[in-house]
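I'd like to ask some things about the structure below.
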Amino acid sequence: MIGLLVGRFQPFHNGHLKAIEWAMKKCSRLIILVGSSQKCYELENPFTVGERIEMIQRVLEKRGMNNCMLLSVPDIQNNALWVAHVNSLVPRYDVVFTNNPLAKRLFKDSGKKVIEFPMMDRLENEGTKIRKSMLKDNKWQSLVPEEVKTFVLEIKSIERLKEIINKDIV
Amino acid sequence: MIGLLVGRFQPFHNGHLKAIEWAMKKCSRLIILVGSSQKCYELENPFTVGERIEMIQRVLEKRGMNNCMLLSVPDIQNNALWVAHVNSLVPRYDVVFTNNPLAKRLFKDSGKKVIEFPMMDRLENEGTKIRKSMLKDNKWQSLVPEEVKTFVLEIKSIERLKEIINKDIV
Amino acid sequence: MIGLLVGRFQPFHNGHLKAIEWAMKKCSRLIILVGSSQKCYELENPFTVGERIEMIQRVLEKRGMNNCMLLSVPDIQNNALWVAHVNSLVPRYDVVFTNNPLAKRLFKDSGKKVIEFPMMDRLENEGTKIRKSMLKDNKWQSLVPEEVKTFVLEIKSIERLKEIINKDIV
Amino acid sequence: MIGLLVGRFQPFHNGHLKAIEWAMKKCSRLIILVGSSQKCYELENPFTVGERIEMIQRVLEKRGMNNCMLLSVPDIQNNALWVAHVNSLVPRYDVVFTNNPLAKRLFKDSGKKVIEFPMMDRLENEGTKIRKSMLKDNKWQSLVPEEVKTFVLEIKSIERLKEIINKDIV
Amino acid sequence: MIGLLVGRFQPFHNGHLKAIEWAMKKCSRLIILVGSSQKCYELENPFTVGERIEMIQRVLEKRGMNNCMLLSVPDIQNNALWVAHVNSLVPRYDVVFTNNPLAKRLFKDSGKKVIEFPMMDRLENEGTKIRKSMLKDNKWQSLVPEEVKTFVLEIKSIERLKEIINKDIV
Amino acid sequence: MIGLLVGRFQPFHNGHLKAIEWAMKKCSRLIILVGSSQKCYELENPFTVGERIEMIQRVLEKRGMNNCMLLSVPDIQNNALWVAHVNSLVPRYDVVFTNNPLAKRLFKDSGKKVIEFPMMDRLENEGTKIRKSMLKDNKWQSLVPEEVKTFVLEIKSIERLKEIINKDIV
């Protein structure tokens, strides 16, 4: 069974890792799809998709998670087209892992099987919390895998995040 | 005389119906243009354009309003092009019915005659109110034509609206 | 049963009319979808979508074909999304009428029923032939319904077509 | 040395003029790039790019500032592409004048030299303040060059701004 | 009187210069609009818009043609919107100089005055001829102003053109 | 050293495999980027990007080529932005493998090191040849890896290709 898991991963954090490990027990291969791929250098989306893929790749490699495949998907203006858009971009899959009610509805309406994570809080909320902590130089390091921490420091993301606060380029 | 009336119709409500009936007294044919056609599965725009056309179509048919023509227009990034965009999408028309100050200005600047509705409040506000009522299972049914009520229940829009609250797909 | 029929209608000709009349015998309502709606003022696509809708509207009205609904669809870059794109733009339908092999395949793959017209030649070829005849002031008039002929002359399309030959605006 | 200065200029105000005069002391030619060129008829962006260019052109001409060149750039979805986008649109330049932290970072990362203005407050804030004053018929006139004041009144921008308050066209 | 002249300028050649000089006798200011601004590194469009602006700028400066203003416009998908698109991008103008039949028609239909050049051949044909000569290292130098020749050699365009022959990047 | 190799892979063939094997000798990891990702169901581009990724994935897996990473990139309108676009989509890399003269130029101009394959003919030509053979049921099977052959037959691509011959959907 091949699974699909979509996320923005701004940045990839411990909650994402747990979700992936949980999903991997249910399928032989997992497609991890990095969403909103065009968004970057924004307060809600500081990392480019290339950077997000690089940080996740390091986490997977370190843990020998070879059955995960990393791909990306840009946003599409019309939500009614989103599932067809995703389907054209990835190999065939059997099941979608998501707790997002809208994604759940759209995938189900298109005939896909959906499995929810047995977890309390939304993964997105954790991302928001981490970005806020990064801005305040608070203890964000313990909320992400070691490899992400190293990568974030290596590319000087904290400085970038503080510059982005000013919002518009123009 | 051929008239043009633009709206988002999220959903089509009694205020829209009254506006159309009023406009139909002034013209022999009315083009009803469903705007922001690409927007759907959003809190402010729950319905696809196909769904909006279907619900309006039922209302018109039931009332024998054969002189109305239903078309749609997607948003365009640059407001200065909006009237030319509309004009390329619809048959020729003589007059525009609108209370929206910006639409009024743009149509007038392009040389079109504009007629305002002799009504107090903005039709958009009514739409916002109805969507909020739908979310709370409040009495929204009396604010829309019977055919819209049936359609909304038929396609299970209330459930959808509640799922959309969570906002982003990714 | 509700049918869907897609065409570019550059211009609407006798072949289209015959196809619609044939389809109308099989369904209670027909959605006529004007495709490539953004294309106009080009040799292959001289008419705006508004003009195409206006000419078809006249033909339908003259013949009392009230059960036809006219809508339009712009092109989408990715063919794999085309059916989802169409579905978001029109009311629900039961069957598609088309002889185009690719459209047939895409609609079938998405689970739609497809009916082919029992006719020899492609409707598109007829359109090409008519545009060529228009350019040479050849006898194109007999190939389109009377109302289309009147409309084409009324908006001076033949002159436009000859200007378009020069191709690029810039 | 050729300089580049990017701004939205909604509208062009005294702060912009001072910034340009300061930059002109450091370079032989200055490219003034009008950003977010597609935005107009919005509360934050009332003027079309053509109007912004016309008002700046008048200011430069009146002051004999012949070494300034006016060009425009539309927004691009992906911030990571913004500098390459700018570079494809303007003649070659040696240095960028900006106080915007994000722009500074992006230009520096692409290898460009950046010079900051020795001024306290952000130019954008001044623009916001002026638009608010225009809406309230407050004393905005003293905050912009004489030519801008004349232009703003000439094209009746204050009326437009008040109409835009209603926000959406549809 | 303010004039508008649109061209692709791939590259700017003697025919363009003659056209501008002729137009400048009829107006006090001329807006030179570089069209298809997004096209570059293609056989028909080798130069970026920044490069085209830089080469024209040099020609104008050398000849003291200070009353010319250089701006650019990207293509727009829908030809019916092209004039509105141009109008939003440039300052107000009184007359358009063009020999292109389609541009003539579109500007006239929008109410603009059009003046044709009293010249035989299309300026576009000359551009095609020059690009072909460049590819064959034929005598293209005499067909462009001295400043363009210098610029073309300076940025090594001939080498680029030969590389582009292979067409697709991917 | 991390390498980048871009191709359309319509379909993935023996030439691609040889190129990848050659590149893998020079680097520790190779990013295989599937270009023109939005193109599909066209004569030149029959496969969706998801299908192309699936066929390449099978080839790599069978051969234990774990150090290859598969990603995709949609086309971008402006060639001058192409390298920045690619860079935002993939992890950091050190060298590009390509024989395409334009890609070579663009990557070099952006400061990237480029290595050419020591092979005679263009990989694209081979793709064209294979698609033509597929259409004629000629011996295309020997020109692609075994896994690609199986995949092509499994998803009935030959039938699809024959349907696409008719070109436009509308």
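Chains: A, B, C, D, E and F, in written order; residue numbering restarts at 1 for each.
Everything below uses one rule, namely that a contact is a pair of C-beta atoms (placed from the backbone, for glycine too) under 8 Å apart; a residue touches a chain by one contact, two chains touch by 3 or more.
The shown structure was predicted, so the numbers you read here are calculated from the model rather than taken from an experiment.
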item	value
Graph separation of chain A and chain D (steps between touching chains)	1
Pair of chains joined by more contacts [C-beta pairs], A-C or C-E	C-E
Proportion of interface numbers common to chain C and chain F (over half same, under half different)	different
Pair from A-D, A-F or A-C with over half of its contact pairs in common with E-F	A-D
Between chain F and chain D, distance of the C-alpha-averaged centres to the nearest whole Å	43
Whole-Å separation of chain centres (CA-atom averages), chain B against chain C	26
Inter-centroid spacing, chain D versus chain B (mean Cα positions, whole Å)	36
Multi-partner residues of chain D (each touching 2 or more other chains)	40, 48, 78, 80, 87-88
Pairwise touch network: line, ring, star, complete, or other	other
Interchain contacts (touch definition) - all pairs	A-B, A-C, A-D, A-F, B-C, B-D, B-E, C-E, C-F, D-E, D-F, E-F
Residues of chain E that touch chain D when the two form their complex	37, 40, 48-51, 53-54, 57, 66, 69-72, 74, 87-92
Residues of chain B that touch chain A when the two form their complex	38-42, 48, 160, 162-170
Contact footprint of chain F on chain C as seen in their complex	6-8, 35-36, 73, 75, 77-80, 82, 100-106, 122, 124
Complex contacts: residues of chain A adjacent to chain C	78, 80-81, 83-85, 87-88
